[in-house]
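Read through the structure below, which is laid out as structure tokens, and then see the notes.
Order of writing sets the labels: A, B, C and D. Residues in every chain begin at 1.
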Amino acid sequence: MSFVFWLVAALTVAGGLAAVLLKNLVHCALALTVAFAGLAMLFLQLDAQFAGFAQILVYIGAVAILVVFAILLTRSSETPKGAGIFSRTWGAGLVIAAAVFAVIGWAVLQSGAGLPHETGVPSVSVQQIGNALMGRYVLPLEIVALLLTAALIGAVIVAMHEKDGAK
Amino acid sequence: MTTPLVGYLLVAALLFAVGLAGALTRRNAILVLIGIELMLNAANLNLIAFWRYGPHPEALTGMMFAIFSIAVAAAEAAVGLGLVIQIHRHAQTTDLDQMNRMKG
Amino acid sequence: MLGEGILKGLAETAKNFAGSFVSEDRLTTVEYPEQRIPTAEAARVFPFLVYDGTDWEKGLRCVACQICEKECPPKCIYIEKSKDKKPDYVGKMQIYPARFDIDVSVCMSCQICVEVCPFEAIKMDTEFELSTSDRFGGLLFDREQLAKSNEHYHKIHPTEASEVDARLAEEKAKVEAKAKAAAAAAAAKAAAPAASVTAPVKSESTPAAGAPKAAEAAAAKPMAQTTTAAKAADAALNAPAAPSGKPAPASTEPPKTAAPDAGSKTSGE
Amino acid sequence: MTEKADQLFVLLKDWLVSFLPGNWQGVAGVILGVIGIAAIYPTLFALAVLMERKGLGRMQNRIGPNRVGPFGVLQPIADAIKSLTKEDVVPVNADKTVHFLAPVVLVVVAFMGFAVLPAGRNMVLVDMDASLLFYFAMGASTEVSIFMAGWSSRNKYSLLGAMRAVAQMISYEVPLLLSSVVIVMMTGSLSLVKIVEVQHHYTWGFPHWYILTPWGLAAFVMYAIAATAETNRSPFDLPEGESELVAGYFTEYSGFKFALFFLGEYLGMLSISGLGTTLFLGGWSAPFSFLEWVPSWIWFFSKVMLSITVLIWVRGTLPRLRQDQLMNFAWKFVLPMTLLNLGVAALWRFMGEGWLRWIVCSAILIVVYVVAGRTEMRRKHFGPRSYRYAE
């Protein structure tokens, strides 16, 4: 259903825009969760159930909450009233972003005719994903596991209070 | 499923641009991280869309890529936010415009 | 082992749950307005005024001495003295409170008024359901609302009330003995022949506990007047025969618990 | 007849749907399923509230509600009417939109979890491949709504309660997931329907429930602990510790929105009990093979209510934990135990049939439990409270 797709796409993009445009940081984080939820719905539309639910579990359940915690922990530094929320070089950034979008969009539209429009729904069970993870992709899986462990320990050490005597 | 692949790719491109604009223009370090998350997600959408419309969906390549990307993004967010908190503790600000010195 | 305490606790609550259906001890709550826990004897809420007999206005023990009014820490008692006098429990003429108000919204239930009262006239009540829709007037209790019978006092604080009654009886007996002595002395002094009449009457009436009344009656009237021996003897003779005509009615009698005590004392003297 | 009773709701749905034209029947079936969920679980919620109030009262030597209706059974209705007619107060400084959205999101997410729970034979709204993952995704989303509630109220108690709740839920989500992963490992499926079907076998009249294996029992205990913490129930109810935080994250909610929070909390309890039932207690399967004539949905709902009873019982028994005890317990005891349990389950799987695996697996679990418990108790990580006054 195309209508549902456009609705969800609009929701996602609106969430993303709100996340980068709003003044209040917590509102930004909540808008980010909307964007994440929209993306998860897009994944579901693409018949990628596992990825969609993983998206919700990881992004909404963990990353958004992490962002919120970070915002509250650094709250004393909220931008003072007078200063804008955008950087001094916002013009350049906007131009770059617009240029990137223009290039990608142009490329997509150029190749639009050659892209497939209709394919059968791929019948992929979670079991297949599991088998693939444990078979063909076992090395990446292990590397990701290592990366996550490293990131966990690293994040704890980075964010940990340094004790005065520890130096 | 009548939505063509182009639709997904355009949405992903838009989201990526929005994320990039956020990362480049906002002053707050956390907002920059949010922008980066959006860009990663846009890439994920592309991966899933290509997996869905690609010639060999049963090979699961795009799906796997997206799943690993999600895991890596979680790690990235954790470390990134840890860094932001540490910087804030160090410089008492998360305003990137004021972080213009290498020495504390 | 870890978790042992949790299991013990769970067993205890399970016992409580199951026991609440069978055992009274495991269900200590009662359904209040319908069911009530009997108030403890030591329960005290707000003060009330004790009266003897059936007529609250006549039997009020309070003599409007205003000690409680002065002692009351939050000053919630308001007393107006009467112009006239009425006899108290021993028959002595006393003034009485024309107005006696307690603002129970101010009262702090400290019981100081009870402790300072020399006449055992004010005691603590156990009535606690005093809610009213009238915020200002409703909690200002006047004489009529405050007056409660000695029976009520016995009902709520039996032990204490018995003690009080015993004490009162003792005092009364003392007064009476004094009056008797005075009467006897007066009789002996004024008219020697009358004494021979009086003595047998006394000895007759003591076992029936009629002597107090007689003495009272004797004390009430002849003290003020310069009595003749004949009059005193008349009074002593008439008293047991027609008690209703005299100011001290039967209900002034010490209650049953105290009665034998008082009686024995009287006969002993 | 037995068959008919078992499939009562399914047949009812099919009969109702058959009045509609062919291409509408699918949609109508889903809508009817949603209506069923929206009718049954709030009813169970009312029942659970009543059970909690009466049962807790009995445990505390009192009678509990007894005024509305006979023995107070209509109390939930009175509560509902009271909540719905009360004034809805929103703090002046509150973030109005977020404040409004928080309870809505909570209840919606809580309801969505029920979609994948098989409430009986063929009685599941959505039977998808990754339904367990879906359930946990929905469970994770409640954290956002709780944060929204706490933050938007602009009240320090609300915010503290919300942060506590979120930190606690994230911490206990890990053991919750890991204890469920054991089941997935043994079943080879994330589909809850399939998990129940695997357990629906009998040997000598006894069921093949996962709780009846050493690793299953261990996982169930861990699951129960994590689920209690996940639903912010006592003894893990620090987020709403009355003595310090008024009511936690819904301090600033009143009237209908408060009722929604209340509903969301109990729906969370019901759904997590339902998941526990599905994973460990054989879902809708009967406890003995000779009891199979009882309709499957009766078994499911009675098991759920039994779990709720245990939650109430625990609430009536245990005092609240301290924050450090809570976190130490999650990360230093429950998490290692679940990880060990994963290994034990793998061992069970590869030791093959026989009595040996029973002994080996039970021995490992019991020994580690006792040793770890003693060590932790000795280190006072979550032992008796010790107070340090002026240092």
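Criterion: a residue touches a chain if its C-beta (ideal position, glycine included) is under 8 Å from a C-beta of that chain, and two chains touch if they have at least 3 such contacts.
None of these values were measured; they are calculated from a predicted model.
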If a chain touches chain B and chain D alike, it appears here: A
Closest chain to the centre of mass proxy, which here is the mean CA position: D
Separation of chain A from chain C, taking each centre as the mean of its C-alpha atoms, in whole Å: 86
Inter-centroid spacing, chain D versus chain C (mean Cα positions, whole Å): 65
For chain A paired with chain D, centre-to-centre distance based on mean C-alpha positions, whole Å: 29
Cα-centroid distance, chain B relative to chain C, in whole angstrom: 89
Per-residue multi-chain contacts in chain D, two or more chains: none
Chain B: positions in contact with at least two other chains: none
Residues of chain A engaged with two or more neighbouring chains: 50, 54, 62, 69
Overall pattern in which the protein chains touch one another (line/ring/star/complete/other): line
Full enumeration of touching chain pairs: A-B, A-D, C-D
Chain D residues touching chain A - in the complex, by the definition given at the top: 95, 98, 128-130, 133-134, 136-141, 143-144, 147-148, 151, 159, 163, 166, 170, 173, 188-191
Interfacial residue positions of chain A with respect to chain D in the complex: 26-27, 30, 33, 40, 49-50, 53-54, 56-57, 60-62, 64-65, 68-69, 72, 125-127
Residues of chain C that touch chain D when the two form their complex: 1-3, 6, 9-10, 12-14, 16-17, 20-21, 26-29, 31
In the complex with chain A, residue positions of chain B that touch it: 1-11, 13-28, 30-31, 33-35, 37-38, 41, 44-45, 48-49, 51-54, 57-58, 60, 63-64, 66-68, 70-79, 81-86, 88-89, 92-97
Touching residues on chain D, where the partner in the complex is chain C: 55, 57-63, 66, 313-314, 316-318, 369-370, 372-374, 376-377
